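Read through the structures below before going on.
Both complexes below contain chain A, partnered by chain B and then by chain C.
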Partner chain A sequence: MPVSRHGGTVRWSLRLVFGALIVFLYLPILFMVVFSFDEGATPGLPITGFTLHWYEAMLNNRVLLRAVGNSIIVAVIVSILATIIGTMAAFVLVRARIRFPNATRIAFTLPIMVPGVLIGVSLLIYFARVLDFSLSLGTVIAGHLVVTVPFVVLIVASRLQSFDRFLEWAAADLGASPRQAIRHIVLPLIAPAILAGALISVTLSIDEFVITWFTVGSQPTLPTFIYTRVKFGVTPEVNAVATVMLVLTLGTLGLAGVAMGRARRLTGRMRRRRQAG
Partner chain B sequence: MTGAGTAPAIELINVTKRYGEAVALDRVSLQIESGEFFCLLGPSGCGKTTTLNLIGGFIPLTSGELRIEGQRVNDLPPHQRDVNTVFQNYALFPHMSVADNVAFGLRMESLPDDEIGRRVGEYLELVGLSEYRDRYPGQLSGGQAQRVALARALAKRPTVLLLDEPLGALDLKLRKQMQVELARIHRQVGTTFVFVTHDQEEALSMATRIAVMAGGHVRQIGTPREIYLGPVDRFVADFIGESNFLDGRVASNGQGPAFQLSNGTVVPIPTEPDGTQNGRVALMIRPESVGVGRGAPGGMTPNVVIDGRATNVAFMGNHTRITVQTDAGILVALRFHGESDEQAVEEEMLDQEVHVWWDPRESTVVTADDLRGSEEELRGGPEG
Partner chain C sequence: MASEIVGGAALAPPTAIGVRRGARLRQLAPFLPAAVIIVGLFLVPLALMFAFSFWSTDENLDVIPVWTLENYQNFFTNPTYVRTLFKTMVIGTGVTIVCLAVAFAVAYFLARYVSRQWARIALLVIIVPFWTSYLLRVYSWQAILGERGALNQVLVGLGIIDEPSLLFVYNDFGTFIVLVYLYIPFAALVLYASLERFDFTQLTAAQDLGASPIRAFRHVLLPQIRPGLITACIFVFIPILGEFLTPSMVGGAQGLLIANLLANFFKNALIPEGAAVGFLIAAFVTVLLIVFRRYLRIEDVVVRG
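Take a look at the complex of A and B:
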């Protein structure tokens, strides 16, 4: 039963807008993927033929592979450090009776909102003028931590917030010391959230450009390498690299989604039980 | 299993618990003997759950002393106390199977593996869940989860088992079934059970002794029979079962203790109440002790008889409930079926002049002014 006589028209135009939006968002990416398989040396329409040549070129490009290696090193170290720091911060935020919990929470997560340029410039000044560090992968890692730690804090804190304190009481009741209760009950139950935080840190670090650009030294990461390469003209090789990055990023995000889904299912069960009680 | 000494399993001496300004428990003293099925009964906010959490060690005492088997345990953390708890929401570990849940406490004790395996089997058997050992808590019904929580706590073979409204989340049928089950398990393992509930029927049916609590105080401690038949005040009488209260004052009719109803009638009472003569009092009679009929009562006991009008007659299945308005107050009488031609009850009595009567030995004088005070305390008290 239509509420309005124009209901049908409205629905159709909404669908149209939605469709246009999807095309706007994903069509460029689609072209990039398609061009990476294109035979032509200058990517563009019409497509002349299918080839894996550019992927081969990519694999033979020493400089490019080194950039990929740098990115992976940075991402792995950032992910490990961000997960440890973020998880500990989340415990403090949720468990410790700190004086200004809301202000602290905002302070922890604000770097997500601060423009990357601002963070990049300030880090550059800080490293170069205050600490007198030379720029290297180390400074890149420090820069990436600024934006990845808040995500880990957000994800792990929200999981801890919904954690049933009675489970810890039960563990203590059954003879577990506080340390054992954390190890056997709390950590396994928030592990999916910690894993999700780690995976999101990887993807954020892999494609972080702005902060990297300011803090990177002579060893480029993949995004900064692609950027310098594009200045000399886009070759299909870059498309191939970007496509590989896209697949890896989506894959990692998918894993993070699965981990968080698992976390929610466990919580959901506990919730239902509590509501029944 | 339990200590051979004469010390009570649990002893509270002048225990007080304050949350800031609010007093959750006010100088409570009680002793729970080894092997008892002891029930803490009261409305929400009366302090019963607080008492349980103090014994479990989850919250600290403000003042007073708590002893487990004669040992002062005020400052002992929960994981070092020889008591175990079945929580209201069961608190099963969702990432562990049923068997691992039961084994958790035993692993914390670092028992040898074969002993752990043996005990897990034994206690799952006790609660009838042997086939469910590999299930996860999310796959269990409420009743099954409840049994797992019970097995997990009992497997530690504690001196005292604490149960925090463990049947609250179950539906009525299952609850009745679990009441019988809990009583059986208590007899079988012989451990002291301390049970918290707001359901008076649960308390009456399972407990060996009951402590009725209100506003952070213990009102009365006794066996279910003692508390039901001889409540100390109107609050207890009202909370446990249904009661008739007739206002009036303690009087004398020259032949023994007596009570003057508000309409002036003087009726005999079983014993002279001591110390309550000056306060507001009421005469309490349980509905099942009240007889009702159009004719005079039969039998040889010297019954008290007053007149009234039946204002409501309700068929309740196995009994009929008759409300009678008298000039001394309203009385509810229960007539259990099978005594006479019950089909006639309704037509016979509704809106008719009837007699109501009771045996003076089944009436009790209770103080009445306590009720208001406890209601106010209840509203002010914290949850628990």
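Take a look at the complex of A and C:
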């Protein structure tokens, strides 16, 4: 066989590339976490000793805590609004016959594709120069909605598309009104996708830096606070904040992943059952 | 079949136009808030930025609606700006090539040599860093590339260099490495999605029929994963056009990219000049998206990622 002569070598070198990529991807994060426990006032190698001092400093930093508070307020409002608005839009997008289906789809993918810096600066002109709004957490929320709503729309729409409409028609045959069918049949079945959209909105909003940087007023969010701190000198407690954020983000995304997996299994099971029956 | 279900609009008698329109409106109403956000907070501001880029400023730096091409003229006659634009293209292309090459090797390995279950897990491990904070991922590189960073310490420790060097950070090298780091998970995700659908026995078949491995690769594999390759290119290259955080954190004064010009103009309230740069970036993005729209699989990335 001509294939197997180099097959082993190719396979091993590819495995090596894979290993190197994993190291490359995790090394910086690992160092950040390690440095958050480093005793030295300017964290770096070699590690001088273990301390929880930076976590303590983090918890005593008033400005930092206020920034965290702002981020949480923004994220909660953004995710509630984006989830409701995005889910409603997804229903129309999948089920109603809209006039320009392709153009609409593109309009909803554009905010995800276009670099955030363009959304940020155009909103800055719009708010500050055209509408004469003063920049505040409200303008930050508006900016975050531009990217989170499309995410929810795409996630929920893709679930709705694979949804088995026979279930709804069965409900209608049994006397349910369209409203009842949606409330008792459709929503519970696509709930995992909606939940995933909500959780992804939360993480997107908490981590959002670029759009926030241009639309934020005098109250910083956590990422804009960290950025100004890091730009103007070494602040070891940032490593501690980063580690906490890392753990929280991964936790939220884990939940989102579980929700998506559940949604996939649910629709899969329904389809199998129908094919069997 | 589906048309019966689509809603009141299709079922209404064609004579009752008023009723029809009412039903149609009711059907589209849930779409309204999302439309307001996309149009009112995205399309209109971008259009305004476009308009501002053709307006002038008076002596108080207030924008006045007097049409001019000066903002673009100023940009293209300033050698620093033009060089920055050119450099962004070069770095963007370089990063895209590196990302695609490495991501392809990894995706090929996972799709061909690893069981589907383990490949999914490996892919998840690759994606996880991408989902952590963007700002912190850039920041974390200072711990490695910085003067007291891990790389310097290791090199000094090994006796390769005598004292910590600033060669790795605050220049284009730092920007390049971090950009590869930021966007490689995207590329791996997209390429795996298309390689997963590829039937590798086709390669064996081609070779059995006498094709060399390279020929089989070029004429059997590549055409089938072209949409994935293009999507990956777009998903790496476009964000780099808008990167201003990475250069500002690890690129130093020399490592600025085009989006840094944009951010700096706006921070200094030079709105029309900034808007002109913003429009140039937007124009590039639009051209790329239009040229390659048929191949793009955005849902692949959003829904699977």
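Here is the rule we go by: the second predicted complex is superposed on the first by the 271 of 277 C-alpha atoms of A that agree within 3 Å, B and C clash if a C-alpha of one lies under 4 Å from a C-alpha of the other, contacts with A are read in each partner's own complex, and residues count from 1 in each chain.
The rule is simple: a contact is a pair of C-beta atoms (placed from the backbone, for glycine too) under 8 Å apart; a residue touches a chain by one contact, two chains touch by 3 or more.
Note that the structure is a prediction, hence the values are computed from the model and not measured.
Room for both chain B and chain C is found when the two structures are superposed via chain A, with no clash between them.
In the superposed model, A:V210 lies in contact with chain C only, and not with chain B.
Look at A:T109: by the touch rule set out above, it reaches chain C but stays clear of chain B. On the chain A superposition, the C-alpha centres give an angle at chain A of 100° between chain B and chain C, rounded to a multiple of 10. Looking at the shared chain after the overlay, A:S177 reaches chain B, while chain C stays out of its contact range. Using the contact criterion defined above for the overlaid structures, shared-chain residue A:I185 touches chain B, although it does not reach chain C. Touch counts on chain A: comparing chain C and chain B, the chain ahead is C.
When the two complexes are overlaid on their common chain A, residue A:W169 makes contact with chain B and with chain C alike.
Contacts of A:L154 after superposition: chain C is touched, whereas chain B is not reached.
In the overlay built on the shared chain, the residue A:F133 is in contact with neither chain B nor chain C. Here's the short version: in the overlay, chain B gets within 5 Å of chain C at its closest Cα pair.
Residues 169 of chain A are contacted both by chain B in one complex and by chain C in the other. By the touch criterion given at the top, residues 2, 5-7, 9-10, 27-28, 30-31, 33-35, 37-38, 41-46, 48-49, 52, 63, 102, 105-106, 108-110, 113, 122, 125-126, 128-129, 131-137, 139-144, 146, 148-150, 153-154, 181, 184-185, 188, 203-204, 207-208, 213, 234, 238-239, 241-245, 248-249, 259, 262-263, 266, 271, 274-275, 278, 281-282, 285, 289, 293, 298-299, 302-303 of chain C touch chain A in their complex. Residues 56-58, 77-79, 83-85, 87-95, 104-105, 108-109, 137-138, 142, 145, 152-153, 156, 168-169 of chain B touch chain A in their complex. Contacts from chain A toward chain C in the complex involve residues 2-3, 6, 11, 14-15, 17-18, 21-22, 24-29, 31-32, 35, 42-46, 84-86, 88-89, 91-93, 95-98, 106-119, 121-126, 129-130, 142-143, 145-146, 149-151, 153-155, 158, 165, 168-169, 203, 206-207, 209-210, 213-214, 223, 226-227, 230-231, 238-239, 242, 245-246, 249-250, 253. Listing the residues of chain A that touch chain B in their complex gives 164, 166-167, 169-177, 180, 184-185, 188-189, 265-266, 269-270, 273-274, 276-277.
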